[in-house]
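Submitted below is the structure of interest, expressed as structure tokens.
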């Protein structure tokens, strides 16, 4: 296998000097055609938007699968989730965390939103920002009283966000279709390159992806978190 | 510019998102069923009209309006010919049947199952229609992720988890192999569009190691999905344990889609790339196809678990279809397409009829446990027997027509091999179904010994509490019968045969196709006619159906499984290979890929 | 240096597959799969790299500077998301397997199933 | 060999080493640490290959999300009664 791959790689151009390719063309076209400054965003959210659409649904399907797998298992072995914190994670009563926590969460949320909003201008975008947003939610789960939190922001809300973000992507694509263009065509005004509202639908799609990813990753990690918590209840109940 | 293809994918995806959102509200089950079923019906309508439209010439649509500039593809396109549209329509038809089937099954299914099934449908449609290599990979992964989640759907038992794990690990390795091949091709050519890849590689007349290795790794990755030996091990583990309506999809479309993608990539990219040396890929693929037919048929015959039998028959028939593709001739490809259509419909029907049985008898799937139990279920019994005969190649089912076309694509030693393998595979897998039908619905053959009969043999991980021991509702019988009817209609309808032949002939002209896709230059579809099956084909078809009946009778007559020691040793050997150990299976994938690449490399010298 | 990135990609692929094949712990196996996948990231990015070029992000500069290939980066980005999704699903399956079988050793799992 | 190339070469070798260590770490808990480090190394490599977008997602997924998921899964498994 190694020999074969080595043989194949001999056919590749030397590292650092690729032949003329699609990517180079996009580098030249992107700024003028789409008024964006991050070419990766142009590829991901415009030229190859359908790939990203499918990729978002991969995440959605995986999150759905994880929820399905872990949730039913939970249903069969325990009652309602109560707060049970002492063995894992910080104590909710800890003063220091109470004070620092909200600031930390606020900062993370802002950072996430910033990354999502600037996807077409600088590195980052819906996916990266969405993960940061999800980590803010997880942080809240860790810092706050778990049961309170489930009441304030129940998991289904994040599932809804996930579905809405994914549906938003499709709807933007269909809107272009309804307007007489191709599916996922960039029909919004392109604006001035470098400004926040520019590059047409790219930032809109970034937002949809951000919401979807934030919801999806939150669902996945929260399901894993609940696994450890529910289990702890059982162990304690037996003592 | 056609809207149909993108609209079909978008409809299914939106439906999935809606089902997922709805599930949060815990609506009555009927709301979800109605939503999902109507979505699938709309997709079926869209793909069918696409099939009709593509009959007049390939339908191209570029996403985001990124049209090619000066003959260079910038964006992603759906390049739809009747083969792709037919695959998409098959996927939609089977999904619709499965969704109707679950109205009265899988009680604990809530929106998540519906959402997963609709995303699965969208992925299959996208995979069938796309004209871009990386887009194909993404839809492929989307399809896989849904499939893993669907396999593990019943987590109460050990089996589904084990099956899902093996399925996910082997297919993920396969996906990496595909992606490695894609990276190699992009590094070499700087493009991802299928027709442009073919043209760019075609301009360099000396195919090199890179092309061969890229082919080997992409083919291996796709053959894992198709369940072709030696990459097939996961099939039995996954299709035994997934919910039965989902199995109908796995066997009827998922595995065939692997072969479809392989055929598409081979004809569009690698045949132009290899030029006159293309014949080097024929014999390795023929060998793998034959091995699958043999292993799949034997294992199918030896199983007692109804779903495991059908799973191994997937392996056998995937091998058969691969034979048609491997001949590298338009007639063979057209035959493979028709065969695939007929096989997919029949197989979906058979899996659903097993599902109906399990529904009636509280989830029992063992041949011995069900012996004679189905005497009251005449309708289901007749449909199962018809499905078995169709699988065996009885005219006028489409599988019969496809097989006769595949035979016409071969000559010389390849013809002998292909014809023999086709007869073996269809007779043995068909006979297994007939044997089961005779035992379950007529109570013929060896009577089971007491304990098994009373309580059913629920070996852990094999049986499944899917049913609730009720009568078989009409919503289950209609999909079973409907799919069979469709398979028969597809066999009789002349447009299916001629359409497949025309489509295959168009695929065989990559240069004209590339000009159409990249430059918008209209292509004239070459005239190719395939004669209707003649008397010899009919004799062969009726003969193999009769042989299947005879073999089934012989299987019933054998009072106990007394076999020669050699055959028992063979059986135990084959069984121990299917160990359920993910590490073993991955080893087979690595060895198989290396062997394929090595043989091709030697052929190139 | 002209072949080092490719060699690293091949090495990661092989060493990851070795890990998958010999693994005695399912969590370990899943992580090894992630190593295999990282080989595809390295290969993709290496294929699109141009020496001396800048990232394909033009912050205010004229658009005609030499930049690396953005397409492979977009592909890799997609790939990273796919990995996250598949790994999450696999880990959930593994957690359930542990609950039902009480072991995570594929060898013992296999024996239990018989 | 310029400074950039040298840096890339060093990181590449480190990535290869890191991948090997991840595979060879048979204790899952130790492996989590390795995975996290390996993820970070990959992120550095991507940055060195002028791919800041990919580097950011690699930090998010490979160095943070993936190890957290593995840790939670392991926590679940370790506490489960046999």
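Letters A, B, C and D mark the chains as written, and numbering starts fresh at 1 in each.
The rule is short, and it goes like this: contacts are C-beta pairs under 8 Å (C-beta built on N, C-alpha and C of every residue); 3 or more make two chains touch, one makes a residue touch a chain.
Being a predicted model, the structure only gives us computed values, none of them experimental.
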- More Cb-Cb contact pairs, comparing A-C against A-B, go to A-B
- Note on the structure: Of all chains shown, smallest offset between own Cα centre and global Cα centre goes to B
- Find the geometric centre of each of subunit A and subunit D from their Cα atoms only, then give the gap between the two centres in Å, rounded to an integer. 19
- Taking each chain's mean CA coordinate, subunit A and subunit B are separated, in whole Å, by 33
- Task: Determine the centre-to-centre distance between subunit B and subunit D, using the mean Cα coordinates as centres, and give it in whole Å.
- Result: 37
- Message: Residues of subunit A that contact two or more other chains, please.
- Response: 1, 5, 9, 12, 18, 21-24, 26, 38, 40, 48, 51, 55, 58, 61-62, 65, 69, 73, 123, 127, 217, 220, 224, 227
- If you look at subunit C, which of its residues touch at least two other chains? 1, 4-5, 13, 39, 46-49, 51-52, 55-57, 67-68, 71-73, 77-78, 81-82, 84-86, 88-89, 91-96, 99
- Hunt down the residues of subunit D that sit against at least two other chains at once, touch-wise. 51-54, 57, 61, 65, 69, 73, 76, 80
- Item | Set of all touching chain pairs, with the criterion as stated earlier | A-B, A-C, A-D, B-C, C-D
- Item | Parts of subunit A lying in touch with subunit B, wherever the complex brings them together | 1, 4-5, 7-13, 18-26, 29, 46-51, 53-55, 57-58, 60-62, 64-65, 67-69, 72-73, 76, 156, 159-160, 162-164, 166-167, 170-171, 173-174, 176-177, 181-186
- Can you name the residues of subunit D that touch subunit C in the complex? 1, 4-5, 8-9, 12-13, 15-16, 19-20, 22-26, 28, 31, 35, 38, 42, 45-46, 49-54, 57-58, 61-62, 65-66, 69-70, 73-74, 76-77, 80, 82
- Query: In the complex of these two chains, what residues of subunit A are touching subunit C?
  - Reply: 1-2, 5-6, 9, 12, 14-18, 21-24, 26-28, 30-32, 37-40, 42-44, 48, 51-52, 55, 58-59, 61-63, 65-66, 69-70, 73, 121-123, 127, 194, 217, 220, 223-224, 227
- Query: For subunit B, which residues are in contact with subunit A within the complex?
  - Reply: 1, 3, 6-7, 10, 13-14, 16-18, 20-21, 23-24, 61-66, 69, 72-76, 108, 112-113, 115-116, 119, 122-123, 126, 134-135, 138-139, 141-142, 145-146, 148-149, 152-153, 155-156, 184, 186-192, 208-214, 216, 590, 593-594, 597-598, 601
- Interface residues, subunit C side, partner subunit B - complex: 13, 17, 20-23, 26, 29, 33, 36-37, 39-40, 43-44, 47-48, 71-72, 75, 78-79, 82, 85-86, 89-90, 93-94, 96-97, 100-101, 106-107, 109-110, 112-113
